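Shared between the two complexes below is chain A, which has chain B as its partner in the first and chain C in the second.
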Partner chain A sequence: MPFDYRRAPDPEGAVAAATGWPGVAFLAGGTNLVDHMKLGLAAPDVLVDISRLPLDTVAELPDGGLRIGATVRNADLAAHPVVRRDYPVLARALLSGASGQIRNLATTGGNLLQRTRCVYFQDLTTPCNKREPGTGCSAIGGYTRHHAILGASAHCVATHPSDMAVAMAALDAQVAVLGPAGRRVVPLVELHRLPGEEPHRDTVLSPSDLITSVDLPPLPPGTRSQYRKVRDRASFAFALVSVAAVLRVEDGVVRDARIALGGVAHKPWRARRAEDVLLGSPADEEVFRRAIDAELAGAAPLEGNGFKVPLTRNLAVSALRELSREER
Partner chain B sequence: MTDLLRTRVLGQSPRRVDGPAKVTGTARYAGDQHVVDPAYAHLVQAEAARGVVTGVDVSAARAVDGVLAVLTPDDAPRLASTEDAELAAFQSHDVAFRGQVVAAVIASTREVAREAAALVRVEIDRQPHDAHLGTDRDDLYAPEKVNTGAETDTSRGDVATALAHSPFTLDQTYTTAWYNNNPMEPHTTTALWLDGDLALYESTQGVHTTREAMAKVFGLDPERVHVIAPHVGGGFGSKGTPHVHTVIAAMAARAVPGTPVKLALTRQQMFSLVGYRTPTIQRVRLGCDAAGRLASLEVDAVSQTSRIKEFAEQTAVPARMMYAAPNRRTTHRLAALDVPVPSWMRAPGECPGMFGPEVAMDELANACGIDPVEFRVRNEPDVEPESGKPFSSRNLVACLREGARRFGWEHRDPTPRARVESGWFVGTGVAASTYPVNRTPGSAATIRCTGPRRYLVRIGAADLGTGTWTSLAQVAADALGVDFADVELRIGDTASPKASVAGGSSGITSWGSTVVAAAEAFREEFGDDPAEGDEAGAEMPGNDAGDTYAMHAFGAQFAEVRVHVDTGEVRVPRLLGVFAVGRVVNPRLARSQLVGGMTMGLSMALHEHSVPDERFGHVVNHDFAEYHIATNSDVPHVEAHWVEEHDPHTNPMGTKGIGEIGIVGTAAAIVNAAHHATGVRVRDLPVTLDHFL
Partner chain C sequence: MDGEIELRVDGRRRRLRVDTRTTLLDALRDGIGANAPKKGCDHGQCGACTVLLDGRRAITCLTFAVAHDGTEVTTAEGLADGERLHPVQEAFLERDALQCGFCTPGQVCSAIGVLDEAAAGHPSVVTEDLTGPVELTDDEIRERMSGNLCRCGAYVAIVDAVRDGAR
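And then the complex of A and B:
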């Protein structure tokens, strides 16, 4: 489809260029959007190129946190010394995603807003409520290996594919958004939606909302973090299940625990129930197991992806075990 | 028996003749050929697995600026022959599988063609389809023959009684998945009509086979079809038989007279239009005595074919010649489904067919408490079990022993699930490989002296990236008794004499024998000091040794497998293969073929899996983000070796063919190693982590 291409001079200009166009899309690295245009999945009539906006820096904040510009490339973010030193969970999540070439193009904003890899969503010839509301969900009763076990609905069982977003969810990241009505901040864990009855809406943003940056709050001294991803081959594959874990243990007792799960839900899944069990409990294997079991009590696997329940359990326990061991 | 060629250049490793052009990007593949002002075609596919096209609305497509023509079943010209239903493009309104081509748009650019193709509206009166493969079907049938013309069923002795009297028995069912050939270069055709002649730049494994097929489809004298394919970016069988896009490219070029048309399939289209390896279900029954000697061996194989064209994978064929057993039986049954047409994929028959039996051999060896290498050695046959012919050479035992030595097998503790290193279960496994020595008749070659110490050797052979440009020139040099640099080879063009398809690992045997015969004819006529312009030729000579001897290549593959204790992730840190493949023409190229085959075998074992969705009738994970092929990090260490093998019977070079044997047995070795690591026996490929949770 022919489309109009515009390059915005600044964030405000980008939002202005996008406002009032229902068929607008921001073009960042293009590694997801351009694929979708080729597949006929996305047919924007206006493309606003934001890849050259001055949002490509990583800055340390006065409170010790970090502000990551929306157009910072995934490769650059993973290599950033402060990220590597203070937020290893994020560096590892980024490096476990896609391939070197794709990470060189992919941006922070684009990574957060990439769409599900559900094969039926990507195939125009099969029904899909996310692509065409009301047509049905082909994944239910079909190929579900990459689909959700938590928080899905009868209308959609897709997962969000990002690794980076899972790490950011565990880090309590805050997303800065510039929209037609001005600036606002959305906690990352509230950026993506559960499918419910409106699976076509991935996030709480509207098409003319521009992500400008993501802030990471500082981590208290003694906090450890790590990202574990399990996939069907050793590299260049989306997560079947991933775990981002942030843990602080003092005198054998868990003082801070933030866990996010990837590959299991329509959004990066913050495991609050598990965290509740962990907080104030001894950092031992039995507690880890109990914690993750509490989270997985709500799991509703589909035919064909039941293995994700034990996989998530084993992976989370193993990640926590390693973090608490490092502690000693 | 033939006298083997004296070797000077054979056995050396000259670098690829085509290497510099390929690494500098100047080698022209089918889509890169310069033609004047080409148009581009894009295909429209059926979105139903069975039905009848009741209407094709092309008005929106035609309205797009740059669209030149649209082909549909309503108005496409009639073809001269529709005998090959796969090639009968637009000749009927019936839809026989999802993804079948129902229209094609021709436009001034690739983008316009693709854009307009999306605007073609195809109405299909859908009928219920059936895409379920299973042994639970009551309409499985026995084909007349299976691929390569082999018998459908065979039987010797009395398997039932032998099994009943065996102290150790096995009765298990194994499955291999649906796999799609995915060469790097998508199937591409550039077609041009000139004064009634059809010229095709084609990505094909055989220019002459393409010529013959197209001549038939279009009712042309074969001499009027010219096919050119200097370089082919992989085929793995999927470019061995012509597929419908070639016909459509030619039809498209006819629809825009005077304009060449380029047609390249998308990766997604390749999953339904260029053949694939059928899934197989293999029931294996074995019985042996306490010493591990097989008394009974049975393989019953079930696979699928399309309803419009039969392809019968010869899955049970390798079981007919691998091991000795007085009582034996093999069968093949097919389900004809509303699915795309299956076809050749690297080592059809042997590749899937050595999975079930080689895992079964491991299971039975374990049951008897015999080392799996030794177990295989004990079941070595003296002659080919079913035909009773002696082997021209058979060095499976040498491969097993040499492989065991190199791999460090002797210190192996056979106990499963007994080793954990840094959170990973560790195990090792072995399986055998085999592949027949195929020769395809029908090739011819000419040799011409083009100057002092210059020889032009012409034969319409193909180089799929395998190295033919180099290896066949080596054969020619030794056959003529000249230096490698003195030979100029010309292949990949129907302007050169007829040659058989590059398939069945038969290239060097068939083309090489032909070139050797042509060199003999040339020397006989012109001696050692020919004049410029002297030319002689020959056709491939017969070889009656095949009446006397059974000819096969063999190999043994060893794998180390690690399975993560918590997550079940599977890794193969090490693969080692030892092969007996006759004389090796070019060790550098041979190693690359064998390592490539083994890597593809690893990929089949762990990753590759076309997921058919029976509700729709197509493969749903039809791109490279979802159809996983092993990445570099999945393949840390693959070693290929060979044993010296002198076989005077196969052909004048003493070769056996190396293109396919590398993929045979790899998956079984990996499954066997995974069992040794974890105690879990996987019988269904691929070996994914969920098996171990």
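And then the complex of A and C:
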């Protein structure tokens, strides 16, 4: 098989080099893509190396927000003074993912575009609609400890593995994309798809669309945020369930609440129903419970992951309780 | 497809020609004979291939050599100053922080990364105050070293060695 490696001089050049090649992939940190090439899950015939593009800076925006370049390393983003001070939910999410020597390679864009760790997706010997459309889903009726309880379909029950993306979903991040037709902005919560009938499509992007940066809007003064994650071992493991919570309480009343759940769906799951219950309500435990229960009313656990429903509830309530206590 | 690259490995300039799909780990071991980084899992899960890239700890099994043209690579072999071992290497010896030794080159490079990151004030997920200085408690060391597995189970002594290395 012919194989081509190209290094792009600039973002426009990267998109041009990728346009018209269905088998193209952008290469940044490589920690997911190279693994997939070894496993036989991915066989790109053109790699466009974007790791040296000038997209590796974090800049403060005039409105008080933050612009994160697509090739900023996960470790550098987590260590950035403004992220640590103003967006602790993001710093903690990043630091709870992978290991130190992987976070030094992995990039912002790559983290968003990493693929599910569903064991069947990663095992070439089993049918998988995400890997080979139309072959069936081996997880349904199989081992589903790590699979979805929200928004799944009869074709796929995989979960999105990122921690960082869950925090960014709660922060209303905006993703800047450069494609063959020009620039556009995709809200992070709309970047990833639910599986529906096309589980092979993780996101709304096409192969020649390049993520160039992610913008975080500023948080109003008094806003607190937190990331909580439960996993099968204490470190270096993907989430069973995670919660990113952003909360602002004034005089005991919730004035802003943004919650995203990880490990429960094919995408970072923004808990809008819970937020609706929280907004304008007293910041107390009964309300927190009612809010997350409203969200989980739509949960459809599988045979092996029913535990995720109470786990998500307890984790979210605990995160909100902690944030509302900090407020006092 | 081949590519021509230049690396600086443990202080020596090395030019080599690699298939563009060659991992940095394979280029170091098979192309240059730098055998300190080990191929454990080859999937980014064990940390045995950890080296320092331009001074920062990184695995080498999930990254292509061609993407690192011009990079300064320090393997465990290049840490010593002549006959004098790096203080972290001394600490591993002193604390008997190994049994078979296969994971040790990666552990040592990772530990040096941990010490640099902590000294720069970079928090970990177990750091209570994200904005304050970092104190390398045993919990911090365990969290920060979690990317390096040891099948012999020398973890207790490895934590001791990293703690000593921080002094």
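Keep in mind that, in the parts below, the second predicted complex is superposed on the first by the 326 of 328 C-alpha atoms of A that agree within 3 Å, B and C clash if a C-alpha of one lies under 4 Å from a C-alpha of the other, contacts with A are read in each partner's own complex, and residues count from 1 in each chain.
Operating definition for what follows: a residue touches a chain if its C-beta (ideal position, glycine included) is under 8 Å from a C-beta of that chain, and two chains touch if they have at least 3 such contacts.
Source: prediction; values computed, not measured.
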| item | value |
| --- | --- |
| First, second, both or neither for A:4, with chain B first and chain C second | second |
| Which superposed partner A:256 touches (first chain B, second chain C, both, neither) | neither |
| Partner contacting more residues of chain A (chain B vs chain C) | C |
| Partner chain(s) touched by A:126 [first = chain B, second = chain C, both, neither] | first |
| Which of chain B and chain C A:102 touches, first, second, both or neither | second |
| Partner chain(s) touched by A:190 [first = chain B, second = chain C, both, neither] | neither |
| Touching partner for A:236 - first (chain B), second (chain C), both, neither | both |
| Chain B versus chain C as contact partner of A:56, first or second or both or neither | neither |
| Partner chain(s) touched by A:276 [first = chain B, second = chain C, both, neither] | neither |
| Intersection of chain A interface sets (partners chain B, chain C) | 234-236 |
| Chain A contact footprint on chain B (complex, rising order) | 47, 98, 115, 118, 566-569, 571, 606-607, 611, 613, 615-616, 618, 620-623, 625-626, 628, 630-634, 688-690, 693 |
| Residues of chain C defined as touching chain A within the complex | 1, 3, 20-21, 23, 42-44, 47, 50, 53, 56-59, 62-64, 66-67, 110, 113-114, 117, 120-125, 130-131, 142-144, 146-148 |
| Footprint of chain B on chain A - complex, ascending | 1, 40, 117, 119-120, 122-123, 125-126, 138, 141-143, 230, 232-238, 240, 307, 310-311, 314-315, 317-318 |
| In the complex, chain A residues that touch chain C | 2-5, 27, 29-32, 34-35, 37-39, 47, 49, 51, 75, 78-79, 81, 84-85, 88, 91-92, 95-96, 98-102, 104-105, 234-236 |
